[in-house]
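Consider the two complexes below, in which subunit A is the common component and subunit B and subunit C are the respective partners.
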Partner chain A sequence: MTYGRYQKYHPWLYEPRFPILWWIKKWAYIRFILREMTSLAVVFYAVVLLLYVNAVSDGPEAFAAFTAWLKSPLSISLHAVAFFFLVFHSITWFNLAPKAMVIHIGAKKVSGSVILAMNYLTWVVVTVGLFWLLTF
Partner chain B sequence: MVKRSNEPFWWALFGAGGVVAALCLPALLFMTGVAFPLEWLAAPDYESLYGLFENPLVRLAILAIVSLSAFHWAHRFRFTLYDGLHIKHLNAPVALFCYGSAIAFTGFAALSLYTF
Partner chain C sequence: MSNSGLQPTIDLEVYRYRPEQQAEPTYDTFTVPLRDEWVILDALNYIKDELDGSLSYRWSCRMGVCGSCGMMANGEPVLTCAAFLKSYAPGSIRVEPLANFPVARDLIISMDDFMEKMNRIQPWIITDEEKPLEEGEYLQTPDQVDEYKQFSMCINCLLCYSACPIYGMEPSFIGPAAIALAQRYNLDSRDHGQETRMDILSTDDGIWQCTFVGECSEVCPENVDPAGAIQRYKVTSTNDWWKSKLLPWTSKQ
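Up next, the complex of A and B:
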């Protein structure tokens, strides 16, 4: 959108502002906004994960302090809420994938339910692998 | 001449971050943020974590996870504000803030993981 420098008429000034809580009236809209908000949980945990590694890098005292914070009620509540958002992200992401990607084997199109099953199988394998890695 | 859009670039990072976050983050968050602090699972001790993170491949994987997650957030949150909440008049500063934060975070993560 560009307007002339001296143009007096700016259409955006006259566009009605959408009420910011427009989505609150219907469950489908709320679910859409909740799905969009999962990105906050994603970035929250990206930051925590980096702090976790940095605490280990800084030495046993720094790690003990960070572990103590992780045990605080505030941290546990934040992580519990973020966990549900992350699972919501995973499920909505995997469910959308068959619509977003079309895979061919030879001339044959791989059906959506196969892609879906592969996604969930990969999720299970990665999850088990990460548990194995961190709990030895 | 048509100005070439850089949207596909941000979208690719968003997509890659979405996959990585969907696969890895629930398990990692559940362990470090819930199960270890509440002692539902035995937490790894300091030495074994240090040994794990000493491995450059592990740190590279962590860099990929945190950085792509940040770019996933940047793109999605930008459009949450734009399409979702209809905050359209702030498009340019919002985009700058979102992608700028993700780039700065990636730089910080790369530096701190490199000098582990």
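Up next, the complex of A and C:
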């Protein structure tokens, strides 16, 4: 089975079709697909947040019902799974950062581990800041 | 090795495609001596000399410099002149042409597509204006050389294209080696071609096809890190876009 861009003028070239299940061939590819799927966890959190805002605007009963649902076993297990994927997503994302960010101070390049540390530090500061905002 | 009759051997399952004889590729199994110092390329040369002279494949330097001997060994893109037989033993080795390229014959791929793309990114130094000869050469500091040196090590072996599922799915993707090569010139202090190359690289077929699988950098025999080059370029391109929106007077056009 051949197809392709070359067949018309170079009919002797053999072009196999790219397999749909290409990603199960290698652990690195599987990890990549898993990472792409973590975006579903991000969507989950975004939807929860929207429902939350909606419940707040609908008044105290709606809000109480929503917080009750949040405490249900189903919601807690969904959150556990989503949280796991989000942490996976964030850590792999931060680990990639030094590849994309090249910072110079004077003529010298800042080393990758420093960039990594700065990213994690920002993460912690923002998290603590948000926590403080929400609890005080 | 031992001179007894019991020399160890290893089997190579070699991909065969002879367009004048067959519409679909097949595999031939050859048994070759398993020598400590032999690489897959030595085994192919042995097959061609002793077993089947019709086997076709590319090679030249047999020392990891020319980049012409890239093939798939058990599904992994490798330079066959750097892949030792004994690291696959026991067990056989399946040798196939580089994935994601059309096959011309046996282990030979057609690299026309890459040649065209390489040309498109204008891999040469583009200057705004030439200095008059009297002013001498264009000097660079060691730090300036370090900026692009890594990306200049590419030997065009195309292993990165074979490792890239995006290229497999979207053959119009400019691809790892060509983008790394573009960065090699973009980061050169003597070059002023950034803007010109941006028009080619910032399109859908350029950097934005890349979803950072990262395998191109894993298989690269010269540690060029094309994945890194692409991600860096995404940052540059994004910054440029914001600048052109927020501070339009700073952009050249």
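Keep this in mind: the second predicted complex is superposed on the first by the 106 of 136 C-alpha atoms of A that agree within 3 Å, B and C clash if a C-alpha of one lies under 4 Å from a C-alpha of the other, contacts with A are read in each partner's own complex, and residues count from 1 in each chain.
In the analysis below, a residue touches a chain if its C-beta (ideal position, glycine included) is under 8 Å from a C-beta of that chain, and two chains touch if they have at least 3 such contacts.
Note that this is a predicted model, so its numbers are computed, not measured.
Of the two partner chains, neither subunit B nor subunit C is touched by A:A65. Contacts of A:W23 after superposition on the shared chain: both subunit B and subunit C are touched.
Contact with subunit B, but none with subunit C, is seen for A:I76 once the two complexes are overlaid on the shared chain.
Residue contacts after overlaying the shared chain place A:V102 against subunit C, while subunit B stays out of touching range.
In the superposed pair of complexes, A:E36 makes contact with subunit B and with subunit C alike. Once the two complexes are overlaid on the shared chain, A:N54 sits against subunit B while remaining clear of subunit C.
In the superposed model, B is the one of subunit B and subunit C that contacts more residues of subunit A. Legend: residue contacts after superposition of the two complexes on their common chain; A:H10 is shown touching subunit C, with no touch to subunit B. With the contact threshold set out at the top, residues 12, 18, 22-23, 32, 36 of subunit A are in contact with subunit B in one structure and with subunit C in the other.
Residues of subunit C that touch subunit A in their complex: 17, 19-20, 23-25, 75, 100, 102-104, 110, 112-113, 141, 143, 146, 165, 168-169, 171, 211-215, 218, 225, 227-228, 231-232, 234-235.
Against subunit C, the residues of subunit A that register as touching in their complex are 2, 4-6, 10, 12-15, 18, 22-23, 25-26, 28-29, 32, 36, 96, 99-102, 107-109. The residues of subunit B lying in touch with subunit A in their complex are 17-19, 21-34, 36-38, 41-44, 46, 48-50, 52-53, 59, 62, 65-67, 69-70, 72-73, 76-77, 79-80, 84-89, 105, 108-109, 112-113, 115-116. On subunit A, the positions that touch subunit B within their shared complex are 12, 17-18, 20, 22-23, 32-33, 36-40, 42-43, 45-50, 52-54, 56-57, 60, 63, 67, 70-71, 75-76, 78-80, 82-83, 86-87, 89-90, 93-94, 122-123, 126-127, 130-131, 133-136.
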